[in-house]
Structure formats: structure tokens, C-alpha cells
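Structure in C-alpha cells, see below.
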Amino acid sequence: MARASSRPLFAETLAPDRLAALYRATRQRTLALIEGLAPEDMTVQSMEDASPTKWHLAHTSWFFEEFVLRPHLAGYASPDERFAFLFNSYYVAAGPRFARDRRGLVTRPTVAEVLDYRAGVDAAMARLLDSGEAPADLIELGCHHEMQHQELLLTDLLHVLSHNPLLPVYRAPTPLASVEAAPAGWQRFEGGIVEIGHGGDSFAYDCEGPRHQALLRPYELATRAVTCGEWLEFMADGGYETPGLWLMDGFATARREGWEAPGYWWRDEGGGAGDGSGDGGWMTFSLRGPQPVDPQAPVSHVSYYEAEAFARWAGARLPSEFEWERAAGPVQPGNTLESGALRPRRALAGSGAGSGDGLLQLWGDVWEWTGSSYLPYPGFRAPEGAVGEYNGKFMVNQFVLRGGSALTPRDQLRPTYRNFFYPHQRWQMTGLRLARDA
Amino acid sequence: MARASSRPLFAETLAPDRLAALYRATRQRTLALIEGLAPEDMTVQSMEDASPTKWHLAHTSWFFEEFVLRPHLAGYASPDERFAFLFNSYYVAAGPRFARDRRGLVTRPTVAEVLDYRAGVDAAMARLLDSGEAPADLIELGCHHEMQHQELLLTDLLHVLSHNPLLPVYRAPTPLASVEAAPAGWQRFEGGIVEIGHGGDSFAYDCEGPRHQALLRPYELATRAVTCGEWLEFMADGGYETPGLWLMDGFATARREGWEAPGYWWRDEGGGAGDGSGDGGWMTFSLRGPQPVDPQAPVSHVSYYEAEAFARWAGARLPSEFEWERAAGPVQPGNTLESGALRPRRALAGSGAGSGDGLLQLWGDVWEWTGSSYLPYPGFRAPEGAVGEYNGKFMVNQFVLRGGSALTPRDQLRPTYRNFFYPHQRWQMTGLRLARDA
Amino acid sequence: MARASSRPLFAETLAPDRLAALYRATRQRTLALIEGLAPEDMTVQSMEDASPTKWHLAHTSWFFEEFVLRPHLAGYASPDERFAFLFNSYYVAAGPRFARDRRGLVTRPTVAEVLDYRAGVDAAMARLLDSGEAPADLIELGCHHEMQHQELLLTDLLHVLSHNPLLPVYRAPTPLASVEAAPAGWQRFEGGIVEIGHGGDSFAYDCEGPRHQALLRPYELATRAVTCGEWLEFMADGGYETPGLWLMDGFATARREGWEAPGYWWRDEGGGAGDGSGDGGWMTFSLRGPQPVDPQAPVSHVSYYEAEAFARWAGARLPSEFEWERAAGPVQPGNTLESGALRPRRALAGSGAGSGDGLLQLWGDVWEWTGSSYLPYPGFRAPEGAVGEYNGKFMVNQFVLRGGSALTPRDQLRPTYRNFFYPHQRWQMTGLRLARDA
Amino acid sequence: MARASSRPLFAETLAPDRLAALYRATRQRTLALIEGLAPEDMTVQSMEDASPTKWHLAHTSWFFEEFVLRPHLAGYASPDERFAFLFNSYYVAAGPRFARDRRGLVTRPTVAEVLDYRAGVDAAMARLLDSGEAPADLIELGCHHEMQHQELLLTDLLHVLSHNPLLPVYRAPTPLASVEAAPAGWQRFEGGIVEIGHGGDSFAYDCEGPRHQALLRPYELATRAVTCGEWLEFMADGGYETPGLWLMDGFATARREGWEAPGYWWRDEGGGAGDGSGDGGWMTFSLRGPQPVDPQAPVSHVSYYEAEAFARWAGARLPSEFEWERAAGPVQPGNTLESGALRPRRALAGSGAGSGDGLLQLWGDVWEWTGSSYLPYPGFRAPEGAVGEYNGKFMVNQFVLRGGSALTPRDQLRPTYRNFFYPHQRWQMTGLRLARDA
């Protein structure tokens, strides 16, 4: 990377041994994710927004090659200089790149060749990490970058598999817990000036700062996420057919796309009580295969448009990202990628699986749409050079999501983390939590 | 209108004589705008975003018929019940409506018939205004609604005429003032908690409230709008070809649309010094016909994407809508639709044509893009019934503009007024003013 | 026109007085067609395939200006040189032209100005016709060209009016004849070598020649066109839902476009016996306004795809254009544009309104799709210069239609006349006659 | 197959041992084609017109399963009933099928599983062939069907590989013959009535009959195909920029697609004499990798639109399919799929590699566009049942090609064989031979 200055991206970098461990663990987890996949599964691109598994494997390696090995490991030579063109995603400053919507047309290098490429990068990284010359900030950034792609790899794979009428299963189903979900309640928060954004010296993405003050009014947050059962009520009440509940762009999108339920839901025509299918015969497709919709589980794969309409129907609203961040206590996961969850849990009263304040399901079930546009914080300036393209250039037309899903790696969970997607997108594990004025 | 309650939309309604005068003046101004137009000019729709002049004439009359006359004037009968279908814009609660993108296909009623329809509505409105039973809030809303359409009528007409290679002129050119524009400076504002939004009892659109507190940091605003001359520097510096200056969606839009200058600009191939064409031979098309680009005049017809990129290029940023509102002093127009301006003025030092604080061109030159997404203010709730669709359902994917343009009626100028458009749109008179952290 | 040689387009040109009479009559008939239309009606373009009335008025005048007046009338000057750009249709050799799909955006010149332009061309043409120097072949071509546009003017106008939910009427309805239609029969024709194509010295379009031999096998033609009643049977039998009856491209088009009946048909939901609506409540929209479908009248506004599927359903096929031409006896109209017909007649046994051989409705009811692709006849060569673009460059992807419709001028009826449209188009008055092997 | 009657598709079926040998050889050749391909190569679909290799492998097996094994082998059970849905191409009568444009999204079954499926079908077919009950006509049809897919498999694979900037090579390049190509000449044929179409009792596709008479006029055919060198002259003469040479639809397509050379050609910017690149630096991509354009080789990958324009530029025309068929003597291949050719040869005088009449390159170099629309022969009726959908429903909007390409299996070469593609398509090995009136 053409690093603009010697100033690190953040102050408190990891010690060498912890950095090496993070690198190894991150890289290893990616490989664990592809166990059981065939080369065919890893090659296909099902829409422009999603990328082939193979591309994720290669791109995350290219990131280390481009931003760490080339500038910092003397004598490093790429096994194929053309990979830089193939596997750069969107970093204009890092050179030209292959069209994003054609990633699925590139059959060579094969998966095996890409794994060789990964292994070569890993070997070079091991040398660099041993050398004492490793740029700790960039390597930690690369690890977090790869964690983001771990989640995307899975959501993109789910999208690919969902197009197959054979409904292939990525991981075997696990039995549902038989306990009842906790009832929903409201948690009140006072207004006032609060501190928002990442302020410490440890790693965070640039868009999480600068830390700054925001003025809040008193508000309440629902103590758990909206469930599939509640969503079925919205559907039964004509939610998808009532324009007055929707933003105009949202309703137009829903009509054009033919939405009448969350993503990956379909009605099992032969369904009904007794045969295992969900309420009204609704089924859903997940990385654990087709399953009846669980009314007690958080709804997922809903767009911002749907979430916003649901909130209006429920006489509530979406929280702002500041309201969410202020309310989130310490991270308490237990349902992340590391745990092999792959799907959201039911909210369990007393489980402590939220914050200490009584909010459940904040971490590791579904990403929660907020009503906040993804815009720069006051005083935000992107770093110079190619890594400055990491977040800043996306700050338009998207909405912020907070929390984390069952596909999110543990280290990505952070009260200040700002995820963002377009309001029409729903191939991520996106749900919602209601808010209202106090 | 199915009025949900007897509560008026706002508290301080106009006295009957002032209300009648406002109604007559508003309706008369609309008619003045179409002087010199042929029926052909008034029939065509040049894109989905724009409507035919004839449709504006009819829709504004339908608004009074639907929301005022039908519910409030006993015995009122529409000359043609089918007009409700043809001339409803987007009020779902007011019934079905004709497809927006096909408004230009409706040749009947003719312009003459629509003017008859207007006259009939005016006669009925006169009876109602005389009766003492007139719903003052709805009538004032209808007048403001018609003022908005006066501006749209002109921007849409400009768009139609611009497709004609004969470059027809709507109003005769007027000579440019020969004075130099004032140099740009910066005006500083302190941070702190400020009051934002319409708080009085007089008329304002629902989206201008509720009045609420916002927290600002110290900032500076440019004392005048960005000029065409400054924009030419941006162009000469490769602004349109430098992806690093742009939001990703913005650059993609600019490439797809082939933007290389503001809307309605083109390069006169035979142009050059001495023949009256502008810098580098750039010409622009306006309601006063084709004209050389005036380097001293505010740039107009730029999208949010372009404005945002320009600000980055200039080492500045766009102001937030709160920063703008707090800085705006009392309205001081002089360059509005009533004055027959039709194009922005040069900024004149000491002219007082801004606020008393030294800010020039705030009112009546170009709408100024802010960096704020168009979202509801805290506590916003749309009124019940069809008028509740006036603003709220557009609160996604758009950005707020403040101020007013040379096509804006005087009564639309208000420090709290929130105009909004999509970030790619540029057929309105949209420009920008720079801001920066203090 | 850059006429390549002094050789006329055809040998037997009209005498000067007959030529002048043809010119005047043709031009006058065009003006008669627009009686009762408002400028609004004449300005709008409802799809790329159709042009505004105003454009037809101007383009037919431009044709005389470009190909007759400029090269042959000394001192002729156009009132506006820019009209050549605006009103050239597709003659590349005649210079650049305005985009076809934007003809409806040109509001100026107004209709009144276009009529002035027409009058100016007529005055100049009168001088040229008086001078004895008039190029008779080009003028006769120009008249036939204008006759084609007379028909298009009406079909394009119908398309515009059909988008208006008010269903405006172009010409008052006329009562339907109460007589029964003649029953359908088959007329047999022997095989052998026949002469095809225009062979005389009088006017015909280039694509009607060269006259040449074709080999036919014995065949039969239906004695009248397929009726709406027969089409209703096809619909009732699931014709539009049975893929096995259709060409694959045809069925895909029908699905995509949502076809379930001929063009301009709709089902009157309140319809039924006794209220004047047609069979099953089907209504149709015509230049005489909305009308019940008449089961005895020839079906019209069906695409090639539909016609071909219908023929298969009926156990028959479409005739080849050679089979049609060989069977057509002398022209016997009575239902043409001159007669003010505007819609097809019922077939009347013994009416003689076909050929002397027993074939009814050959002339002046509906254009009849043939199963022949529009391809050049053996030895065809387009004339040099711009008029060479008249027909030849369209010889791909289209099918030949024969006969003529109720909107066709009498002088366009000719056994050798080859009309052609794309297989998906149905805004023309297009029907069919069945054929089968003998 | 729901076979409508016991009448075989053709009279002269193969003896059991020859049938079994044909089956085995055909199936074996398909497997030989995928040697060296990775699963990734075989999974991707690069456009709707092309299918993944894996799909071809499965679909050809499904054809035997559906039309031969299910109805004729007692007790046959498919390994997966859902394959019928996945691998039916377009046979509506054989049941519903997966969307054609999504074939590339189906990652399971994997290639290995599809090969198992093939092996299972082969085993069952071996039993049926041994049983003496095998329907010889359907099996021979299935073999020819698979041969067609062998060619498509390769053209589709070429299309996939061409999107890869690494330019992967399917088969190693072979040195070009150093001999000069034979000069072009003209071969004259007399006019008169000729017999056209397949008339014997042996296998042919339904669309090749019925045999019937056609009337020809005297004509001449070029003695060899148009070469790349001649095409370069067309390009140098502005062929792609001269609208007067083109059909209107053709020129519009060429502009829209940005065509300025045949498919798979690009200009090597560093190219020039001495470095191995072709004339003007033009390179081409083939199954043997990137190669300089060979001016002596037949041009390939040109659309009908381009071929038709070239012929006009050359003062000639395309032959009709009847002219071609009448001129074609006995099949004399030597450059087919079996020979491993993969690319067209230079025409060698005296090589006898055409017909005995002096026509070279008729067989096994490039498919030759004719000027004939793909329409049914007189008296054509599709067989009943699903196999009746094999050809008939495509008889619109396509043009006939004759001969065969270097990717065509030997057994597909036949003077009566009618290949057909849309006029804009050029991913097949399509070239042309000139004709003219004698």
C-alpha cells in the first residue's frame, strides 16, 4: 500500500505473539468454513451483490499480499501478478480490477490453485510475522477484513444454494430448543448528551470514529428482537398489501420484487399442523437446510423497507444508531460463527445473552436495522491511500445496522460497530428491534 | 378528505380576507406562468420525474377539489368524476390514480378544458371562501402546494424544452449585471445546543417539525454559493474523472450517465473568446434560452453526488441541514419567481441579499444541497388521512436542500423549509454552499 | 436527393395534370384526417414504434422538400433548415436525424407552424408542377409515401388515445350492419409455376419486384378472414395458455406482455348479454370509440405470433405471400380510408367485395399476415441514393402482410403490395386468413 | 415419451450392433471432450444462450432417460426423480423445467455426481440394447441429439473461458500449416426445378423434410469461404461504420454491442509485425488459446448481420439454403470434432476437402450463413409428443446455416442438415460463402 505516512491506523496494536495467533486463527477459520463444499459450490456467483466462495478465499489473501507483503516483506513475489487484477474488490488506488458482476465467470484459477495461493501468502506472512518487521495495524485490519468476508462467504453461499431446487444442506440441522421465548418488554433510557463512537486506542474501523457527543431524547427499546411469530401477524394483517404502512420507495420495491414474506421464506403447499412445517405452512431455507419457520425465533432476512413498515404497523419505530449504541452494554455473545450457530436463537429470559440491562439478543442473532443513514461522523476523514477506501466511499444510500448475527465472528461484535446495507437488500441476516419515544 | 379529527393542521390560520387574497394570488400566478406557451408545450412529459404543464394545472385544482370542495362545500359536483383518477398524484388514501410515468400520454382533457376545470374550481372556491365555512388550514396548505408545483412546472418545462434541438426560449434573455461577484469568505458559528424546526403556530409543512434540540459543533459556512467559475476549475482539474473524490454510487452514476459538467451545460464547439460564449466555450440552457456559462453566477443543476465530490475536492464538506438552518437569518429574497428572475444572481457584497450575518445568496438563487438525509425529526408523526402522505412517505433515499431558487415563490422561503431530492437528480435548480469544521 | 442517375424509378409516369391532381388529393386527405384533433392529440408519442401526428404532417412534407424541391426547384429555400434534422425519419444518406424515440418531446414547431410549413411546401410544389420540370416519379413516390403515413397517422393516433382512461372518440360510431357474415369456405388453387411481383411500368415500391417465377403446390385459401367469434373460440379453448400451439418466441412474448386477447380488447367487468357488450363481455377500442366485440367482424390487432398459433389450433396454416398474391384477383375495395370506414366489415356473401373467385375481404378490412419472411425477391437491388433506403434495409426479422385494412388509402391496394411488420407488433389493423395444403 | 403412435420417426433404422456401437461411441466422445477440465470450468453459465458443461452432460443423459428408458425399459428407476426438472431443456410436453438462464446457479449435483448419473444411464441403456427391445429410432435420435450438444458444449465452454482475463487454454495450440490458401473463384450452377430436403429412409431431423421441389435461377457460389484477410479489408474499408451496407436492425445491433470486428477478436495494443500477432495486431481467442488472426483462414464468429453486410460490401449476396444444398456434393470432411480440429483450415486447392465440383471448405470449417429464414418446408408437420418440439417451435426469427464447423461431429454433416441461429448470435463458429446471380 502506498502508505501516506508512518502513522499507524490506530494506537494500541497487538503484541507480536497475539498478532500471529490472531492471523493464524482467522485464516484457519476461513478454511474450516469451506469444509464439505465442492469446487462447484465455490465457483458460482448468484447476483452482483454476492461473490463466489472462491473469490472470497482469494480476495482475503490478496488483501494481505497487496497491503502487507508487497510493501513490507522484502523480496516477496506474487505467484501470479494477474491475481491483483482478478482479486482486488474496489480499491481504485490499488489499481484496475475485474468487473464485480463477472466474478462468477472466472473458472481459473481453480479452487485448488486458490488454496495454493492462500498457502503461499500464509507462508510469507509467517516469515514476516517472525521477522519483527510486521506492520501490526495493517495485519490486524487484514484479519478483521477477513472476518467480514467470512460472514459474507456464508451469506453469499446461502444465496447460491437457495437457487437450487434440490435445496442442498450446508451443515446438518440441529434440534430446536424447546423452551419458550421470553416475552417482549420495553427498557427505558433517559435523554441527554452521550458519547458515541470508538474512542480507545484499540482496533476499530475508521467509520466508527471520531468519538463525539450526540444529544438523545428519552426513549425505550424492546427487550428482544421481533420474532417470526410477530412477523406472521404483520403478514396476516395485510402488512405487505397496505401502502400506508410503507415508505413509497419501499412499497414500490416490494411490489416489483413480489415480496410477501421475508427472504428465503416460502409456503409449503402441502404444509399444515402435524407435518412439521411452520405456522400457515411457512418454511424457510437456511444453511442448515429447509426448516419450518419458528415463531419464537427472531425474524431474519428482512430489508430496511420491511423493517420500517413493520415498526409503523406495530406503533413503534426503529431506533437510531445512537440510541442503540448507548443502550448496548458489554458484548455477551454465545451465538456466533465460532459457536457454529448459523441461525438465530430464541430469546431466553435470564440467559444473560444480551446486555446486563435486560436487553436480550443484542449480539449474535440478527443484525438490527436502525433508522440512521450511514453518514460520516462529525470530523470523519478517511485515511490516505487505498485503505481509505475501506468505508468512506459507501456513505450514501445505505442504512446502519448494529449488533451482529449468528454468522458474525466474535471479534466483530462491538458496541460501536457500524454495519451498513442498502434498504432493499435482504440476503444478510438482518432483523430488527423496536424503539419508541419515552 | 377523510379528515381524521377536527384539529386543524396548524394553529394560526389566516383571516378570511387574507386567505382569499392568498388563494387568488396563487392561482393567478400559475396562470401567469403559462403565458406564451402553446398547448403542445404543456402536454409532453419528458421523463417520469417530470410532469406536463397541463397536469400541474389540473392536479393543483384537483387538490382543492378533493381536499377542500368535496368535504366542505355542500352540493359541489366535479365537472368530471374521472379527473380524480387522472389528476391524483400519489395520495393512496384518496383513491386509485393514473400511472405517473404515463401522464404525458393523456391528450384529453385539452389544455383549454383543464383551464375550464380550473375556472370551475375557482368559482366554487370563491363561494366557499365567501361562505365563512372555509377550512383555512387546508386552503392555505393547498396554496403552498400550488406554489411548489409552480416551481416544478418551470423545472419540468425546462426539461421538455431542453430536448428540442431548436432550443426554444420561454422568456426573453435579460442582460447580465456587469458587476463582479463578491469574493468567497467563511463565516464562523459556535457549537452548542440549538433549536431546530418550525415551532410557531403559522403554516409550515409537517416535516418541518416538531421543533427540537440539536447539538452542533463549531463550524464555518462559505459566505456565498459555489460559482460556475469554481466549478470550471473542478472540471479542469479532472474532477469528473477522479474516483477518489466521489462516493462510489456517485461515480458509478456519473459514468453511467456520461456526466462531465452540470446539467444543461454543453460545449459550443465553435465557441471561444470574443463570441459571447462562456469559459472554454461552455454554454448552458435555461428558461431564458441558451446562454454562455457565467463564471460569476452560482452553479446550478448539479446533483448531490457532484456537490459532495466538489466539496471534497475543495477540502471542505457540505453543511448539515441543522448547520444551515441555525445560520440562516431572516429571509431576504429579491430573486424569486415573483421577481421574474428565472436564473441565479451573482453574489453582491453589501447587497444584503442573504442574511444579516454576511451570508449571501441564501434565498432565491439555488437550492443548496446539505449532507443530511431526509429523515423524520424526533417525534414526527404524519397527520392522519390523505394529507398525511404529503411528506412522510418520501423519507428515505433523499437528501435535504435548503434555501430556495430563482424559481421558488417568495412564500416558500423559510429557514425551516426542507426540500428534498434523490442524490442523482439534477433537473432542479440545485447548487451548493461549502462548510467546514471550525 | 443525390439521384444516382437520370433513370426514373419506374417507366410509366403520370401525365402532368393527373400528377398534380394526385398530389393535391393526397395532401388534402391528410389534412382531412386531422379534423377535430386538438394540438395536444397531435403532439404525443406513445411508443417508439409510433410517431406523433404532428411528426407525420411534417415528415411527409419534408419528404417532398428533401427529394423533390431541393434538387428540382431552383431557388427553393426551406423555411427552417433545421427541419431537415427534425423530420428525416431514417434516411441516412439524407443526413443526420433526430432520435426516433424522442419525437414526442419536440413541442416546437407547433402544429400551426407545421401546417404553415406544409402550406409552404404545397405552394412550392404547385410552382414546380406548373413548371413542366417536375420529376414525376419522385412526386408519385412522395404521394404514395404520404398515403402510407396516412394509415400510420391513424394507427398511431389510436395507440395514443387508447392510453387515455377517458377513452376519447376520434370519429363518431356508426351502426353495425345487421346482416350475418358469410360462412367460411375453402377455395382451391392448383400448383405450378406462377409469376410473382410487380411487372408493369406503373408505380410500385422497389420491394415488389423484380417480377419472377415461383413454384407453388396445390393449396386452399379460406374464403374470408378469421372472425372475432372464431377468435373467442380459440380463447375459450385455452389458446393463449397452451404452449404447444405456439412458436417458442411467440409464447414467451405472449407471457411477457400478458396477452390474453387481441390488442385493444378488454373485458367489461359489468358486461353481459343485454347491455350491448360483446361475447363474454369483451369490448374493443377503435377510432370510433369503445365498442362491444363483434363476433362477425374480422379479428384485428393480432400479432404474427398469435395468428400463427391460431392457424395451428385451427388445423391450418398461414398462406405464403405467393399463394396470397396468386389468388388475389382484381382490387375490389369499398372499405378504405376514402370511404371513412375506420373498421373492418363483416364478410357479405355475394357482395363481390373480394376477388371474383369467391374470396371475400381481401381488400380494405384487415392486413393479412402471411407465413413469409420479408426478404428480397431474386435479383432485387435497391435504387441508389437515399430512396434506396425506402424498403431494402428492413428486410430482416419481419413478416409480409398482404391486402389492406380499413385505414388503407385506396391507391395502396395492389396484389403485389408487400406490407411488413415484426412478429410481435399489433398496433396495426392486422388479421389473418387461413390456408392449407390441397 | 408419450409416443403418439407406433410409427417410427424414420424408416431405415440401424441394426442392433451398429446402434449399440453408435451409442457407445457417442457417449464416449462426450467424455473425451471434458478431459482436462476442472469442475469449476464445467459449472459456470456465461450467458443465457449458453449452458454449463455439466448441464450438457446431464441433459443428454436425461434425454435417453426420458424418451428411451422410462417408456421402454421395464423397471427403470431414475437415481433422482428431480433430475427431470433440472435437466429438461425446453420440452414442455415432458413436464416443467428449471429456468434456462439459471442453469449456472445449480452447483449440485456436482460434476462427479452427474458422471455417476451418466454411468447409470449407460448401464441401463446397455441392458436395453441387449434386450432386443430397444427403440432404434429414438436411440439414434438421442445420439444425434448428443452430437449437437457436443458442439454446443465446446462453443459454450469457449464463451466461458473467453471471459477470463488469464485466457486459459482448452487444448494446446498446433502449428498452422504454412501453405497458401487457394484463391477464391466462382462456380456456376444452372437454374431449374431441384429436389430439396431429406428424402431417404435413414435418419434425419424432422425439419429436413419433407423432400420437395424448389425453383432456382442460375447462380454462382464462391469456391471457398470468406477469409479473415478479406474481413480485415472490410474492416479497413470502414465496413463496421457504414450504415448503408447494413440492414437497419443489424447496424443498430452492431452499434449497441460495440462490434468492430468478429467475435473473440481483439487488437493487441503492443502488436505488430515480427511479434507473431496477426494483421494490424489482431488476435483471436479459441479453444487453442489466444492466437494471431490468420488472414488465410475462414472468418468465424460473425453474425448474420455482419455476414449480410459483408456480402453487400463485396458486391455479392448470401446464398439461399436451396442454392447451397443443391450445390453440395457428397460429404468430404477431414476437419471435424473427431479429427481434433477445433479451428477452421485454410482452403487448399486440390485437396478435395469440399465437394467434387470444386467447392472447398463446405464441410467442417465454419457454418455458413444463408439468406434463408428458418421456416417449415411445404407440408412439414412436427411429430406428435415431446420430440415434436425438437425443431418446429423455433421456426421464426432465425436464419439457416449449412455445412458444419470444425467443432461438428462427422455424423452431423449432411447436405440437407439445417442449422439455425438468431441473426445477432455469434458465439458459434459461423462464417459465410458468397453467392451471386449468374
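For reference, chains read A, B, C and D in written order, and residue numbers begin at 1 within each chain.
Keep in mind that, in the parts below, contacts are C-beta pairs under 8 Å (C-beta built on N, C-alpha and C of every residue); 3 or more make two chains touch, one makes a residue touch a chain.
As the structure is a computational prediction, the values presented were derived from the model and not from experiment.
J.: Quick one: which chain's Cα centre is the longest way from subunit D's?
T.: Centroid comparison gives B as the farthest chain from subunit D.
J.: Which listed pair, B-C, A-B or A-D, reproduces C-D with over half its contact pairs identical?
T.: Residue-number overlap above half with C-D among B-C, A-B or A-D: A-B.
J.: So, what's the distance in Å between the C-alpha centres of subunit D and subunit A?
T.: 47
J.: With chain centres defined as C-alpha means, what is the inter-centre distance between subunit B and subunit D in Å?
T.: 60
J.: In whole angstrom, what separates the CA-based centres of subunit A and subunit B?
T.: Roughly 39 Å, centre to centre.
J.: What topology does the chain touch graph have (line, ring, star, complete, other)?
T.: Here the contact pattern is a ring, one closed loop where every chain has two partners.
J.: If you go through all the chains, which pairs of them touch?
T.: Here the touching chain pairs work out to A-B, A-D, B-C, C-D.
J.: Subunit D touches which residues of subunit C in the complex?
T.: 90, 92-93, 193, 212-215, 217, 243-244, 246-250, 304-305, 308, 371-373, 375, 378-379, 389, 393-397, 423, 437
J.: Which of the residues in subunit A end up touching subunit D in this complex?
T.: So the residues of subunit A touching subunit D come out as 38-44, 46, 54, 82, 85-86, 98, 102, 104-111, 160-161, 163-166, 168.
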